[in-house]
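Each of the next two complexes has chain A plus one other chain: chain B in the first, chain C in the second.
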Partner chain A sequence: MLKDKLGEVIESSTTGFTAECYELYSLPPFGSLVKTADPPVEIYGVVCQAGTSSIEPGRRPIARGKDEESEAEIYSANPQLWKLLRSEFRVLVIGHKQDGTVYHYLPPKPARIHAFVNLCSPEEVKQFSRSFDFLDLLMNAGPQVPVEELVSATLRQMSTAQEDQRSFLVAAGKELTALLGGEFTRLKAILTRLK
Partner chain B sequence: MEERTNPLLGTVVAGSVEKGVDIRLDAHASVEDMVVGRYVTIEGKKRRFFGMITDIRLGVTDEDISMSPPDASDPFMVEVLDGTATYGALHVLPMLTIGGDVASIIEGPQPVKTVPSHFSRVSLASEQDMELVFGKEDSQRFWIGNPLDMETKLCLNLEELVKRSNGIFGKSGTGKTFLTRLLLIGMLQKSRATNLIFDMHNEYGWEGSSESAGRKVKALKQLFPEKVAVFTLDEENSRRRGVSTDFTVRIGFDEIEPEDIAFLRQTLNLTEAATEAVYQLRRRFGRDWIQKSLDLADADETRDILQSMNIHESSFQNLRRGLATIRRLPFIVSKAPVDAVKTILEYLDRGMNVVLEFGRHMDITAYMLVANMLAHRIYRRYQEKTEASMAGNVAPPKPLVITIEEAHKFLNREVASLTIFGTIAREMRKYNVTLLVIDQRPSAIDEEVMSQLGTKITCLLDNEKDIDSVLAGISGKNELKTVLARLAPKQQALIFGHAVPMPVPIRTREWGTEASYKEFARGLDVRQQAEKDIKELFD
Partner chain C sequence: MSLDLSKVIDQITDMVTRLKTGRNERLERINSAVATLRNQSEGLDALKKKIALSRGKTTWLVAEPVEKLDIRHSLPPIPPDFTVLATDGSHIDVDRHHAAHCFLINIGAVALRYGSKPDAILENQPVMYSEDSDLMIASPDKLREVPIEGNLLGMKRSVEECKRLAEMAASIPVGSLALGIMDGTLILWNLEAYPEFVTETLLEKGYLVHLEEIRKLNADRKIALASYISFPRSTDVVNALRVALCPQEFVDSDKCPACATRECYGISGVRDRDLFAGILTPGERSALFISPSKIQRHYGKHLVHFFYLKLNEETARVEIPRWVAQDNERLELVHALLVDQCERGQGYPVALSEAHEKAVVTGADRENFWRLVDESLVEKHLPLAESEKSRSKRTRWL
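Our next item is the complex of A and B:
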């Protein structure tokens, strides 16, 4: 049922999950809205962290391109690299959908391991971003995530799905202003990244 | 509650009965569209409130914003912050309230005794709201102007107004005369009262001048020839100005009483002793005392007379100089051919309004002498008549409104007790005589008199003392101060007191154009028609 899948869940908790991409480097953009399913619930989240590393934590990649002309040649000369490396992304859960209704709070259960992860279509993004209640979850993303970057990236990503991008961003900005009362420097940092 | 016609402005966030309520503006309402002095309605849970905007503030939720403001050239940032982190706030003074139940609606607006609850919605008062509070133009209400920035006609109940003494104040050149002319026309049209106007600058009788337009504007008699009579002290001047006068006032020496002189003490520069001497001379010489005193030759014989009365030579000379000033006034004759007071009273009894022009005699001595003398005698007659009517013999006299300019000369602390105007202002309507006081220095007027004025209409004032004295004793004084100090220098005034349910700043009605004259004349037609209809109905 989920077409165009990006990857699948390999680690999961109530507040978020980690997914591995099927293709090396085919990571979704930072801040984009993705979803996974745990029927009948669809779990929505934003990409808050992504990276590529060795499949074995103990084995670090080594530099190989000394005698090669381009980066592509390294990969063609060492086809095993496609199997030894993997791209992963971490998703912060910001809502879910049940019986056709979108809720901007955490789902009752975390995502299941091996559940497929998909990028949301513009229509889904539009439906999800009708309310800004998810901003509160984003703002509390935790110490590992650069919150200002995440919030602004998410809103920028969402704005591309809107007909009137500017008024969407203004409305979001106003919501943020209310959330960040008394923290003008943080607010300013986010707002300058929204343009 | 009623259907709302005006957009919402914001919500109530704080407040107290004493200081008024704070309103946070919604993001869509611009601070720059708000004006101090405008009316708003607040929809409380159980009742509606009417209040006036008395202050407008800019607020920030975070002090950092004012410390390091964002780049103003960035429209996105400004748009986001507008109405959220930076917001407009209004301070509103609730003045009237109307309950939601039927009984309270019938009762009408009442003075405020509470504040609206948190988050009550606020909107600008609609035309209907204003009409609900101030009433429509009718047989008793006169359209005097419009509330600031509104098209609603603000109407004064003149029948109520003339029941008490009233004051019109304002710096010179702020439109006091225009306002007075309007009010006089209103009284002519809408109240039963007759007017006696001591017209120092010849502005009310035939025509006046408009400072800004530099042209002549019609005054009372040109519009209502059958209701207004112009009396003059200076026939020649009136003729030259093309005024058709009805009567030339002459004042006889024998009509001047010692009290009249005593009250002119300051203007005539008389000493205490000289003022005392006046009474002794009157006792000795009788009615012709002025003539006889002036005739006293500078001889031993005179000295003996003075000595017998215990009057010091220098005091007598001081008094003579003062009396000579009066004698030099051209309208003073040794014996008046016709009794001016009697004539004025006859006109007033016929329901005519009398404007007394002073012509070239614009000096304050002449004005004070004549105004005080005539008013004193007229008041006495009214007193007699009212007392007679109390005894049940005759109908009480028609209410009389006496208009005086430069009122602080009559009503200052030193002379207020001596002049008749002080008495009229204090005793008010007991004898059906009230005052319309026009002045530019209200602070010089006796506080006791000021406190007795029923309705005060004030144009722009900028002297702190004057503002204080005009607003003395009114609730929300400090808030109204802001409103008063921000009136436009022309055509705007603040009305408060007995005749209006709450203080209201207005833009005065247009006066001086052909269209405006027609409108006034129409007002009269309606009234006359109504009177005619009533008469026909009962005849």
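Our next item is the complex of A and C:
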């Protein structure tokens, strides 16, 4: 398996997609930039929700560790658990790339089911975050997503790929101030999470 | 119109009252059976002789004891590294109301490895049968044919479960320690109702061949085999006690109506599981017995033996072939690993319950299967003849 290959798309729409991890619990961090491809278009998105649950909706996990000393022992004593649980993450689409140009708006078509999802390299993150136009899509992520948490997590993740993290975050803060206008409480909520 | 439960509730209440009144009498019978088992455990040879003399003269099945009747085997140690294999199946039967004549068998197979390198394989393989040769069993002279459906399809499924188990057993590394488990009985006794050539096809050239494959794998690895029956209804051992209690030299069911003393009446109706629940403590297994079913004449070196296993939640019946019963190491492996599997599986062997989960075909799956078959026929412009009864069930009208 390729190093940065996280999983594949199992549900898809214009604004986002859900991917299942190949390995249980190998979830990408909240707010990280990931990509999938529908050649010739590459679709970019940020991880906005993640979780682990039973593969079958009717079978809920039960507590098993009463007599075990460590969590790892539960999995050794019940090896089937690795196959009966799955980790999934939800991605909010924030842009795409076609013919080498990055666009910070929605792609023409949604991701395909079973398309591979990869974590973006620091170079790709740098290229994508040259403009903050994607912030608008993030700010409108919808009621299912904790928007302030998502925006700040995304900017923090992106800053790690920059040579000058501080100037990147300062620039992002200025962009947010313009975007949020008089919404001081929301702006404060994001800025305090960028520190 | 759904079932009108308000019309059934009184009948349920009556049944519950009846069961409650009969409870004390049932407990007395169980106690009496337990006492009989203990009393009879000394004269084993005499009992075996009496059972042999009664063979074929009773209308009920009588187990043949192998060990002292009331012996209790405590839980053997559990090895550090082992694998548990299990298969289970489900099927979609032939539906004569549909245009296409076919059936489907879905086999769920599970391999769970415990110890230093824990791992799990959970898989299933649905196979559809639609060729004429798949749907019928023909006699060697081709003059007679028996369609595979209903009970016979159930037995065909057992053969496929055993085949898959043998394949899985062959794929585990040389030197491994493993237990293969199947659900239900190892005795395909339903075959007695069919002509001999059916038994030859399904049992001698099918089931027993796969059991033999598993046995032969023991040359370079240790594989025990068992089938697990939860909440068993059998009474073979209690019937052996009835033979013991009979005042005659041997039992002849034809003469029972004329019997005035009816010594055996005090324990009739007791199930083996109730008997052994009163004798064993959790983790222990009972003595070994040989199942008396007529079909066993075909089993040879796989002659089915059985014992009862007391678990925390229930007393289960475990069936094993002779080559496991006569090898103490493999027998102990069956005993230890089944108890361990039940502990890991909240009272039922976890490998079997996962194999069942992989095999299960729901009502919705059945509908989807037939819809897919019908749509595929339509796509190729084949006539979609279907019975009016089937159509009327799907398109309800007022």
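The rule is short, and it goes like this: the second predicted complex is superposed on the first by the 192 of 195 C-alpha atoms of A that agree within 3 Å, B and C clash if a C-alpha of one lies under 4 Å from a C-alpha of the other, contacts with A are read in each partner's own complex, and residues count from 1 in each chain.
In the analysis below, a contact is a pair of C-beta atoms (placed from the backbone, for glycine too) under 8 Å apart; a residue touches a chain by one contact, two chains touch by 3 or more.
Not measured: the values here are computed from a predicted model.
Student: Putting chain B and chain C on the same copy of chain A, do they fit or clash?
Tutor: They fit side by side.
Student: Give the label of whichever partner, chain B or chain C, reaches more residues of chain A.
Tutor: Chain A has more residues touched by B than by the other partner.
Student: Give one of first, second, both or neither to describe whether A:L191 is in contact with chain B, with chain C, with both, or with none.
Tutor: The first partner, chain B, only.
Student: May I ask you to decide whether A:L84 touches chain B, chain C, both, or neither, giving the answer as first, second, both or neither?
Tutor: Only chain C is touched by A:L84; chain B is not.
Student: State whether A:Y75 touches chain B only (first), chain C only (second), both chains, or neither.
Tutor: Only chain C; A:Y75 stays clear of chain B.
Student: Just to be sure I read the superposition right, which of the two partners does A:H114 touch: chain B = first, chain C = second, or both, or neither?
Tutor: After superposing on A, A:H114 lies clear of both chain B and chain C.
Student: Which partner chains sit in contact with A:T177 here, chain B, chain C, both or neither? Use first/second/both/neither.
Tutor: Once the two structures are laid over each other on A, A:T177 reaches chain B alone.
Student: What is the minimum C-alpha distance, in Å, between chain B and chain C after the two complexes are superposed on chain A?
Tutor: Checking C-alpha atoms only, chain B sits 51 Å from chain C at its nearest point.
Student: Please name which positions on chain A make contact with chain C in the complex.
Tutor: 56, 59, 62, 75-84
Student: Hey, which residues of chain C end up touching chain A in the complex?
Tutor: 110, 112-114, 118-122, 344, 346, 350, 354, 357
Student: Quick check on the complex: what are the chain B residues that touch chain A?
Tutor: 27, 61-62, 64-65, 68, 70, 76-77, 79-81, 83-85
Student: In the complex of these two chains, what residues of chain A are touching chain B?
Tutor: 166, 169-170, 173-174, 176-178, 181-185, 187-188, 191-192, 194-195
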